[in-house]
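One chain, subunit A, links the two complexes that follow: it is found with subunit B in the first and with subunit C in the second.
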Partner chain A sequence: MAIVMAFIGALVLMALAGTNPFSGIYLLIAGALGNVFGLSETLVKLTPILLASLGCVIAFKAKVWNIGAEGQLYIGALTTAWVGTMSWVPPGLGLPLVIIASFVVAGSYALIAAVLKVKRGVNEVISTIMMNYIAYWVAHYFIHWPPLRDPNQPNPQTLPILPGSSLPILISGTRLHSGILIAVVATVLVYVLLTKTKLGYEIKITGSNPSAATYGGIKVWRVVLVAMFLSGGLAGLAGMGEVAGLHGYLLDDISPSYGYIAALVALFGRLNVFGVFLGALFVSILFNGADIAQISLYLPKEIADVIVSIMVLLVISREIFLKRGVPKR
Partner chain B sequence: MSHVTKRFPGVVANDQVDFDVMAGEIHGLLGENGAGKTTLMNILSGLSRPDVGDIYVKGQKVSLKSPKDAIEEGIFMVHQHFMLIPNLTVAENVILGARQPREPLLDIEKVEKKISVLANSYGLEINPRARLWQLSAGERQKVEILKALYRSADILILDEPTSNLSPVELKTLSQMLVRMKGEGKGIIFITHKIYEALELADRVTVLRRGKVIGTLRRDEAEQKELVKMMIGHEVPELYRRELSRAASCFQVRDLVVGGDMGVDAVRGVDFEICSGEIFGIAGVAGNGQSELVEAIAGLRKVVKGRIAFEGKDITHYTPDRLYAIGLYHIPEKRVETGIAPDANVAENLALGNHSSYVRNFLLDYKAMANGARELIKSYGVMTPSESSTVNTLSGGNIQKLIVARCISMSPKLLIASNPTAGLDVSATHFVHEKLLELRDKRTGILLVSSDLDELLMLCDRIAVMYRGRIAGVVKSAEAVKEEIGEMMMGSGGL
Partner chain C sequence: MIGQIDLFLASVVTLAAPIALAGLGEQVLEKSGIMNIGLEGAMMMGAFFGYIASLFSGNVYVGLVGAALGGLIIAMIHGLVTISLRADQVVSGVTLNILALGLTTFGLKSIFGVRGEVPAMAPSLNELRIPLLADLPIVGHAFFDQNVLIYLTLALVPLIWFVMNKTTIGLKVRAVGEDPKTADTVGISVVQIRYACIAVNGILAGLGGAMLSLAFLNYFTPGMSAGRGFMALAAVILGKWSPLGVLLASLLFGGVDALQINLQIVKVGFPYPFMIMLPYLVTLIALALLKALNPPKALGVPYRRE
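Now for the complex of A and B:
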């Protein structure tokens, strides 16, 4: 429903920009979905966005506001650049090791903010955002300096990921790698976790009313720690996919704010897995289509950012419209 | 008010209601929760407009489009939850929203003088410079009434005026009302407590499901009759059987518990409860009862002292461990502490016991829903289904949910903190019934309540808490209400 409104807003803007809005939309969608290459590129973008968004959903459902998906993504990417270039790893183990390592390390990175919250009451919004900067610049260091920097390349980037640790390409001629499969599996797993497990129940209750959760015997501190760990881990997998699947190495700005977009998509999709999947898909189509439409229409690709901004406004205003008064005793 | 009708989606809140107040009378509006009393008074005070019907003040038809219009007509409403600002002074609160003679300049000293004069003429002692947060509930209520007097209200509407008052403050209130009545003012008060209506009102009108069932004068009205009018049928009286004395199963020794303002809220409390005994704690709210209960229930840290249950030291037990040994708790703030508002009824009913629904690492939601359905039926929780979100339930039904959850676990000891606060007659009767049933099954019950009549009816023994200590313990069979009231105010007992 909100997607519809975002689209209408986009049409208006396009008209204001002097372009025919309908052909603009057509090109956007056709570019994103109309042919194999476009579709593959859409799915390529979907992988990290979906993974990070799922992570955000887990945390947000517990009302743990993890805005650190971006940093956790970089940590996951960095871990992949480390572990994926370790030549002594036997073949066959490389890829599973990279996947597990990036999940665990990124999850632990998120855990730092969680422990600060539980032990010292540090606001996780502030701590996770600050840790984003730390992660980005730590990654930056390793991109520019030995031991990880690739001496053979003029541009700053890390050593190439070994073939045994890379995600295979699914469709030759495209950039679509099997990270998308991991993302889809993750979607199913997160759905089961949140709706059918005891942990999912505890997350829901903690997010709804932490006092009632404590009263009900739920160890809220444990729920917070686990939710953050899982959340960070999924964002880390997003980073892993970009390094081991898409680029083959780590470079600066490997993420165009995927982490922040993920937080938005989680809220836009109302914290339920299906909605978030659609939201992530919508955003992927949008960004990919905008890239493509830019060429034929002189439509600046920033139109996608503008539409995302409209999404932000919609999420905020939805809360205002739906807010009921305090229930009477 | 004539033929007043007000409809909301799905329900007729007021159905052709005729209601009147005469100058110099106190008229009680009695009814269950949801009967339409507050809706009706909201119309009279200008907060809402009737769909059908007219309002006449002093013979003239009036149209009240907002509380401002109502105040201009001399109608002022004191709401159940006071509309006062804690960090402003009494004077500043009283003039909130009222026109000042030299607007926009504020002559606060003139106002303070005027308030002092006004208060004294009614025999009220109030310091206009005092800050609101320093005042007790009874004193705050006086400030609200002062607001009405300051605006020269002729018709005063009080919504549930006695819910936060001690017996002494109740007397003060009734004296004040009688005085105002003598001056020709008309007073309406909303209540669901029958004894309140009988004590304070000259006439009583009973509403049920939006309709006026009848209006009786005080000398005509009788408790049983009023109950029948409010609910539609008779309600059997509850009776506390004589039980043989059993062994003490729960002990509290020298308990010290910290409060929220840096001061200890519980300052050395000792008592014991036997199985099959209902032990009550009386006292004006804010004397440490809430903190005591939270400490026992594992929700607040114990600074010093011991709590023992069946031989085990449970002083620092968390709620999950307490549930495991059969100690359950009906919380004082039912919405704040007892339920997760975004979860549904089944999920809330399973809270505390949810681990038992785990099969093969997954939560068996079907079993949870089945269990919930049974509880909904046997406890009469009014909800469209077990998967409805809990924040759609009324306060009374939320309490039924919490009570159902606790009692269905067959507790060995139950702590009930103000379990019937804000509940209507049938819900209150239900809770009382269940508590007595538990007692017959030899469960020990710790009942904290600000309703002395409830305590006297249900408890075997009653302790009175004052300023964090127990002022005295009496057997309810021997108890004298005035004596307990004095202990509650700190002047009686030990």
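Now for the complex of A and C:
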């Protein structure tokens, strides 16, 4: 229902923009699924979107509004560009080190906002957004200045990471890298964490009823910190995949707002891990199709952001209709 | 030297104005118990529609009307979703920011092409010089040789204070923000008051956006609000929900922004990325140092009539 209405909105926008709406919609969907290349590109996009969305789910479940996935993604990417170029790392340890480091550093970055919230009552929406801008410009510095900048490249980018620290390509001839496997494993782990563990239970109670959580002996502040750390760590892995799997180095604007899209996907999937997986897949198809439509139809690719945000608005409104018992059409 | 202070102060006021306009609208809205996290999106829409309206009409004041309407669109959707449908205010606001970024970028590319041609310059706001006062040393430039939006900002501070604290309307707004149930019992329409406040919020955020596209640059770039909507939210907290406080906090952020721009020009040895991040860092530190005092009691809580 929400999807249909969002697409009707999209049709109107396309007509306004002077594109034939039906070939537009066809390209949005078919472009991303039609062949091996289109499909592999969709999975390439799915990797960061899914990882960052899972991070948002953990934080949002605890009612901690981590809107900082974008910045945490940049911090994870920067950490990868730094650790991935360390030549003293013994062979075989490069990739595990990059994965752990990007998770821990990005998680710690998110932790700053959590500590400010718990200790000083700072609104985490504002603090995480401010930290997104800060992370972006920190990454920008290391892309443009030594010691990380690659002096042999005319365009600003960091030194290429070592082969031992890279995520291997899965299908030769495509850009599909093994980051997708990490994303799938992370999906299962987050599902287990939220549904089968004590911590998952504490996160849920903290989010739905903090006073009951306190009565029940749960240290709410501790849950907030842990949820934020895990949330930021997953966004950091999203950035890690872009550097260690996709590009091989860090460059400006490495994320086309994946971090913000992730927040929408988490809401669209109603903070349910399976729903978020499907939502991330849907959004990846849409964004990949939008890239193709922009090239072949000159249809601005931001149509995808518009569709997704309208869908989320409809989903949150519909939930309320259901709660009030208004009959479903 | 005096001349330089004069010019610097003028740039502080100019850079503070978009944050102050959006912040004053947010302060009014939060007094009624609603928070608009989508303020950034409303500013973006204001900047975009202001630019488009000014460009195609050839009249900058038509541009201002367009900007107000642009901000109003986002605010009204936020009102529908949070006041009437009682959805979570953070969720709605976050979504509206992305909607606004998507819509404005889509609109810009639809009009000027996807390859990123440099958009045309729109007619922009002129300084309206107030005779005699503009010649005052130090403050003359900053407060008496500015555009109409800055005069509006300065006029709104006492006006909002007066309406909020000395009139029945203000009393009703505060009652709704503190205790909507009691307000409802005595016959105040919670929904009407909140919609009126959110309309003010959208119009002022839209005009704040117009300051960016019709006073700083005379054209629109996607994401040009660059976090100022969130700084406006911070200004409301730091300003302790008073109009004067919002203005002072905005002047702090505008001051840091003016400082970092000047530091970039004189090249003090720090690379420019560290200059650009200063306003964000200062916002974060200011929020950490000053605790939120006396927020409206019903802030962020949806009201359901029994």
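The rule is simple: the second predicted complex is superposed on the first by the 300 of 329 C-alpha atoms of A that agree within 3 Å, B and C clash if a C-alpha of one lies under 4 Å from a C-alpha of the other, contacts with A are read in each partner's own complex, and residues count from 1 in each chain.
One rule holds for everything that comes next: a residue touches a chain if its C-beta (ideal position, glycine included) is under 8 Å from a C-beta of that chain, and two chains touch if they have at least 3 such contacts.
Because the structure is a prediction, the values reported are computed rather than measured.
*Asks:* A:N209 contacts which: subunit B (first), subunit C (second), both, neither?
*Replies:* The answer is first: A:N209 touches subunit B but not subunit C.
*Asks:* What is the contact status of A:V122 with respect to subunit B (first) and subunit C (second): first, second, both, or neither?
*Replies:* Second partner only.
*Asks:* First (subunit B), second (subunit C), both or neither: which does A:S317 touch?
*Replies:* A:S317 contacts subunit C only, not subunit B.
*Asks:* After lining up the shared chain so the two structures overlap, which partner does A:W145 touch, if you call subunit B first and subunit C second: first, second, both or neither?
*Replies:* Only subunit C is touched by A:W145; subunit B is not.
*Asks:* Residues of subunit A touched by subunit B versus by subunit C: which partner has the larger set?
*Replies:* The partner making contact with more of subunit A's residues is C.
*Asks:* State whether A:V306 touches subunit B only (first), subunit C only (second), both chains, or neither.
*Replies:* A:V306: touches subunit C, not subunit B.
*Asks:* Have a look at where A:T197 lands relative to subunit B and subunit C in the superposition and call it first, second, both or neither.
*Replies:* Once the two structures are laid over each other on A, A:T197 reaches subunit B alone.
*Asks:* Which of the two partners, first being subunit B and second being subunit C, lies in contact with A:G217: first, second, both, or neither?
*Replies:* It touches subunit B, and subunit C stays clear.
*Asks:* What is the contact status of A:P160 with respect to subunit B (first) and subunit C (second): first, second, both, or neither?
*Replies:* A:P160 contacts neither subunit B nor subunit C.
*Asks:* Which residues form the common part of the subunit A surface touched by subunit B and by subunit C?
*Replies:* In subunit A, nothing is touched by subunit B and also by subunit C.
*Asks:* What does subunit B use to touch subunit A in their complex?
*Replies:* Subunit B reaches subunit A through residues 297, 299, 318-320, 323, 329, 331, 334-343, 347, 351-352, 354-355, 358, 361-363, 365, 391, 395, 421-422.
*Asks:* Which of the residues in subunit C end up touching subunit A in this complex?
*Replies:* 37, 77, 81, 85-88, 90-99, 101-103, 105-106, 109-110, 113-114, 226-227, 230, 233-234, 237, 271, 273-274, 276-277, 280-281, 283-284, 287-289, 291-292
*Asks:* Would you tell me which residues of subunit A are touching subunit B in their complex?
*Replies:* Subunit A residues touching subunit B: 192, 196-198, 200-202, 204-205, 207-209, 211-219, 327-329.
*Asks:* Which residues of subunit A touch subunit C in their complex?
*Replies:* Within the complex, subunit A contacts subunit C at residues 13, 16-18, 65, 67, 116, 120-123, 125-127, 129-131, 133-134, 137-138, 140-141, 144-145, 257, 260-261, 263-264, 267, 294, 298-306, 308-310, 312-313, 316-317, 319-321.
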